[in-house]
Amino acid sequence: MSATPKTSGMAKLERDAVLELASKNRRLDGRALTDYRKIKIETGIIEKANGSAQVTLGKTKVMVGVKVQMGSPFPDTPNEGVQTVNVELTPLAYPTFETGPPGENAIELARIVDRNLRESKAIDVTKLCITPGNKVFVVFVDINVLDHDGNLIDASTYAALAALMTGKFPEYELKDGEVIFKDSFQPLPINNHPVPVTFAKVGKILVADPCLKEEEAMSARLTVGIDKDDFVCAMQKGGIGELDSNEIKAAVETAINKSRELRGIIMEASK
Amino acid sequence: MSATPKTSGMAKLERDAVLELASKNRRLDGRALTDYRKIKIETGIIEKANGSAQVTLGKTKVMVGVKVQMGSPFPDTPNEGVQTVNVELTPLAYPTFETGPPGENAIELARIVDRNLRESKAIDVTKLCITPGNKVFVVFVDINVLDHDGNLIDASTYAALAALMTGKFPEYELKDGEVIFKDSFQPLPINNHPVPVTFAKVGKILVADPCLKEEEAMSARLTVGIDKDDFVCAMQKGGIGELDSNEIKAAVETAINKSRELRGIIMEASK
Amino acid sequence: MSATPKTSGMAKLERDAVLELASKNRRLDGRALTDYRKIKIETGIIEKANGSAQVTLGKTKVMVGVKVQMGSPFPDTPNEGVQTVNVELTPLAYPTFETGPPGENAIELARIVDRNLRESKAIDVTKLCITPGNKVFVVFVDINVLDHDGNLIDASTYAALAALMTGKFPEYELKDGEVIFKDSFQPLPINNHPVPVTFAKVGKILVADPCLKEEEAMSARLTVGIDKDDFVCAMQKGGIGELDSNEIKAAVETAINKSRELRGIIMEASK
Amino acid sequence: MSKEKAPERLIDDSGLRIDGRRPEDLRPIKLEVGVLENADGSAFIQQGKNKILVGVFGPREIHPKHMVLPDRAVIRCRYRMAPFSTEERKNPAPSRREIEISKVIREALEPAVMSEYYPRTVIDIFIEALQCDGGTRCAGIVAASLALADAGISMKELVSACSAGKVGGQVVVDLCDLEDKYGEADLPVALMPNLSAVTLIQMDGKLSREEFEKALDMASEACRQIRNFQAEALRHKYQGMVDTEEPPATGEASK
Amino acid sequence: MSKEKAPERLIDDSGLRIDGRRPEDLRPIKLEVGVLENADGSAFIQQGKNKILVGVFGPREIHPKHMVLPDRAVIRCRYRMAPFSTEERKNPAPSRREIEISKVIREALEPAVMSEYYPRTVIDIFIEALQCDGGTRCAGIVAASLALADAGISMKELVSACSAGKVGGQVVVDLCDLEDKYGEADLPVALMPNLSAVTLIQMDGKLSREEFEKALDMASEACRQIRNFQAEALRHKYQGMVDTEEPPATGEASK
Amino acid sequence: MSKEKAPERLIDDSGLRIDGRRPEDLRPIKLEVGVLENADGSAFIQQGKNKILVGVFGPREIHPKHMVLPDRAVIRCRYRMAPFSTEERKNPAPSRREIEISKVIREALEPAVMSEYYPRTVIDIFIEALQCDGGTRCAGIVAASLALADAGISMKELVSACSAGKVGGQVVVDLCDLEDKYGEADLPVALMPNLSAVTLIQMDGKLSREEFEKALDMASEACRQIRNFQAEALRHKYQGMVDTEEPPATGEASK
């Protein structure tokens, strides 16, 4: 069951400070409203994975490993490989993250990343079919949040995308119906590069790439996923507050612009 | 682990009232000792199910949906389809019903319904075999309790029976060992119509079709399942009190008579 | 998550008594430091199991049942049967044993028994392959702790070994790729007889076969598994204290000697 | 089993949808308030083939105690699909989809509830999707909003909800199951129309900026229509019993 | 694996059952009291190939606290089958069958225990079926009753239990595994014989009203016999040690 | 998928191991302290292809309350392998192996922590194995020890750890994954070198008494070397920032 979360331990004073600044269109760390924190993307850091990336977004740090394994297709898509996204909010990343099976926050995060990738058809799953209806490649995207300072959605999706873009899977041949894997690898078939841009509503303004303190002061969150052709491919509102239509439309406009810049950074790191 | 339940929140006064009435062979709502509350049975209410029914018994309301899917037989009955009964005490049905996996009350309820159907051979499972030892039809009987005012066992079983009697499953043909489903449907093979009659022991008397207040005042519960030929096909005592042999024998006699009347209502509604 | 356990309810006085005796190289029940309590081994007590044994070690009592069933091999060992060890610390064995899925103590115990058997190659799993890569025998070793008075590791392993040594599995033949079981049985292929010897560090000394009171007063535990050829085949330190290298080396020496005597008892009971 | 087939076209030559609706048409909606005996508040919605039952308990004491909030009510929400509600039987264990939807529905209702009136209590919202036909999260919000009102819980405004999306190249509202599955985009929206407050928005698919804006506007307009049905359903329950000739809570949305 | 076969006939020409018993004969029973070291009370029953161990703890402090009952003891009961107790290995996770049986056994024992003597405590009853051969819930009740007595817990009377049923057209008592599986009906009954109080009754199968009454009477009579073995087993433990020549807790029930 | 093959020989003609090391050589080790923002203490170890991150929280308030110990801190430890850390993807649910390792690592660290300084609190140690290459429990202990120190928790001494074992007939230290899998024995050891206190010892495989003693001595010596790297890593973090030219926490262990 989903329940109103405990309000954060952040002192009321601190929240007031964030809101006070927001009322003057300013932010804690001096960023402009649509500025992102410093982004660092490293790829190929887990040799045993088929693809991997670590994204540092300010003090937020997320590692993604991609594994490609043989499995069965879903009955209604016999000619397509399978994409599966899983999130672990590792307990070392934040004092209140707990061990145990993923809670609703981890599940929502995984589903938003999944939606960005799936709806933009980032992975060309038709190229991951081995024998229709029987054997396909399953692409496991495992997201480990290692340090939490806000905006996990963007950091996780960027890391997932970078891991996939630098990912490889084995070449193979079919001999009498049996799959023979070669020693060589080929790049994963990546068709699209969805880039989510997340905003927090703090007081009356929307700020992009919120840090944790901004998230604790926000009333609502809005993520807009934009694909390589400037189409909106995913969206998610979060938080127990509200937005208005004009805010949302403005956010989409900002996201389209912002995503181009962010996509550039991710592509550059994933060469 | 099974544990003595918390005694209900019903005020002692109310329980005393029920018991006081019972000592005069009377009931809260004026019914005779073996009277049932008003029964309403609707079928075919869930178009996506293979069969469905909603039973309203006084203020108790239970919905049952039947789904028929292809599956594997049990190893020791390779020529028989599979019947499986599941109960959800949905949390909107009663203030103390909880979310989460089924507890012992839901499991006991499911097993009693299952026992009535199975022991009377209500479903002719031999007609649900597609290819022996390999593919059979699995009949899922899913019971959702929507409003709880006592006697869930009878309401659930009647609803299950009505859903099965009005249930359909696809016609098919085998082509080179493959199952080809047609667009047409055939009725589920229903051979028997078991009808449980449930009593609560309140004070020194047994009352049929107990409402919730009677259940909260009862010392023991007895369910007697009677099949279409007046055979006893299932029985279950519940509650932390006791019964004596003569009470049980009398209950069986009453149940045989009562079940005929109740079966008529169910058959009529399931035409 | 593993957590420091609650310190036992044993009165401080009792613990002091154990430690005081230990400081004089003496034990509660007068045993010499390397003496075991009385061992009683009964086999063949569960007719429905393929092998069974009950070991009584002082007041500790453990029952083991072995079941052999057909299953699939692990992908990386297609020619080998499967050994699987499971422990239930049944709640009737000790006031604080709880119902529910196995906790870390049960899991550690199962894994130590498993390690002794596996690393010494006690079961010749190559003889349990039916059709390579497809069907093998799975040997389930189910350990039920029935009374806990310390040293569950040794009692469990001895019982597992005795159950395996007296275990049988069906003879079969392959007809057109199908497995036909005969009515006759053959002994399980047992190649080695690993015998763990467990010590508790109480004060400054190591005592063998600790009883529960000694375990509650101990700082650390050391189990040394010795195979039939005097090789060390398994080892496990437990407890939140420490040992020094010389203690460990001395324990190995003692274990080699002691295991010969204990192995004799187990072999005798398993004839 | 006898598998549903993908429709050939989602929009026909005269611009109508597979069930004959125009792009801006809602499916027929039936709303009932106060349908359960034990729940403090309840409502039932039928929208297309969607059949959803909502029960509300509370404000009531909270267990476990450590969840208590000193200055407001905790709101708990569970969205669940009955095993028989879908084409293929749904496993009764909660799916990741159900867990996410429970969260976004809760967050869609929280802005409306005057939680600060009920400190140290819990308000439980149980949504049982008995039959699913596309847009169940929106339909669930519509009914939950009524069930909260039926429970007498103070709200700023009723929350309404409806999806818009794109099917066969056309922006449309209130997608049915087939349109959701085979269409190009789905955009569920929840709104408090008088407050112009969007309390839920999600999107799947592919929309240009212009299409997105059009879809958002159409969804908002659909929410406003549904808001009227909600009001009517409450009136029927509470001030009503007067003119029972016309089923007042049923509205054909085509204008 | 080498699969057990269905017996050709369950009653032979001379009216005897597959194990040679007459319809009213019990299987050999062995009862032992006080068999465990750590449990507050314990007992072991062997009945046919059934081997069941019961341990009782309590009255003791209850965790978690919110389960406490102010005016009586909570009784908790777990019935569990060892993985090696059945033909096919049983998965160690609790099955729905075990959960139901735990409940009906608890409810069979509750009427006998003077729970009101032990307010705010818990009495835990753990039943381990080490080998199962039909009628384990009844055998478990018989042993649990002794274990409760061994723990010194006040009871109105010992609860006894035995099944009756119909096999090969004949009403019989104390069905073994094969009779249970291939017979026509099974009717487990628990009884406090002196109080004429039936505390458990369940039925599977098909019985006419007359057969049912006969089966209930035969089960009750069997319970009375077993009640004597129970008393004997307790005497042996508590007043005993005198005449140990004959194993007093073992009874061949054929008269 | 493209399956790793068993190496033909684990020791070559010149007595070198598959990665060119001599029997007593450690793999290259890199240690970093204070790598996380939110954890109270943290450390990272790279040893061969092992990559392990450790975060420590505490001493802090304990939940649930009933776990509290009146006279010392509770230490909690979770060892977890990331799903992408191994050849085959690891299921995220905790395996029995991870549960056992969490326990033995906790028990390896407990003797070093001055838990009695922090009564009624908890110290949480989270070990995330991001890539696994043999000897992860030892590497985890080495990093956890640094993370505890980084959190400012009083310790008697840093705990160091290293495995020894037997591969290709030879006793060696610090087995890599292939040596662990295809070798004859693995003996992980944790040690507080100055206190001569072994806090973890386990063994798998087959060793004669003489081989065992040799392996234990070699593992102890390896622990001593690693202990120096640990000290250096702490110095680098806390007294350091002076000479940053050489990466001070990286040690090639071959002498």
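Labels A, B, C, D, E and F are assigned to the chains in the order they are written; within every chain, residues are numbered from 1.
Basically, a residue touches a chain if its C-beta (ideal position, glycine included) is under 8 Å from a C-beta of that chain, and two chains touch if they have at least 3 such contacts.
Since this is a predicted model, take the numbers as computed values, not measurements.
J.: Stepping chain to touching chain, what's the minimum from subunit D to subunit F?
T.: Minimum step count, subunit D to subunit F: 2.
J.: Which chains make contact with subunit A and with subunit E at once?
T.: Both subunit A and subunit E are touched by no common chain, going by the contact rule given at the top.
J.: Looking at chain pairs C-E and C-F, which one is connected by more C-beta pairs in contact?
T.: When the contacts at C-E and C-F are counted, C-F has more.
J.: Looking at C-alpha means, what's the farthest chain from subunit E?
T.: Between subunit E and the rest, the longest centre separation is with A.
J.: Need the most distant chain from subunit B, centre defined as the mean of C-alpha atoms.
T.: So the chain farthest away from subunit B turns out to be F.
J.: Express in whole angstrom the distance between the two chain centres, defined as the mean CA positions of subunit C and subunit D.
T.: It comes to 58 Å between the two C-alpha centres.
J.: Cα centroid separation between subunit A and subunit C, in whole Å?
T.: 47
J.: Provide the C-alpha centroid distance between subunit A and subunit D, rounded to the nearest whole angstrom.
T.: Measuring from centre to centre gives 27 Å for this pair.
J.: Distance between subunit B and subunit D based on Cα centroids, please, to the nearest Å.
T.: Roughly 32 Å, centre to centre.
J.: For subunit A, what residues touch not just one other chain but two or more?
T.: 1, 99
J.: Which residues belonging to subunit E are in contact with no fewer than two other chains?
T.: Touching at least two other chains: 3, 78, 124.
J.: Graph of touching chains, which shape: line, ring, star, complete, other?
T.: ring
J.: If the ring is traversed from subunit C in the direction of subunit F, what sequence of chains comes out?
T.: C, F, A, D, B, E
J.: Can you list the subunit C residues touching subunit E in their complex?
T.: 45-49, 52, 59, 61, 63, 65-70, 86, 88, 90-95, 99, 101, 140, 142, 144, 146-149, 170, 181-183
J.: Inside the complex, what are the residues of subunit C that reach subunit F?
T.: 1-4, 6-7, 76, 104, 107-108, 110-111, 115, 119-120, 222, 225, 227, 230-245, 248-249, 252-253, 256
J.: Can you name the residues of subunit F that touch subunit C in the complex?
T.: 3, 67, 69, 72-78, 96-97, 99-100, 102-107, 110-111, 115, 122, 124, 187, 192, 195-209, 212-213, 216-217, 220
J.: Once bound in the complex, which stretches of subunit D touch subunit B?
T.: 1-3, 36-39, 42, 49, 51, 53-55, 57, 60, 78, 80, 82-89, 92-93, 124, 126, 128, 130-132
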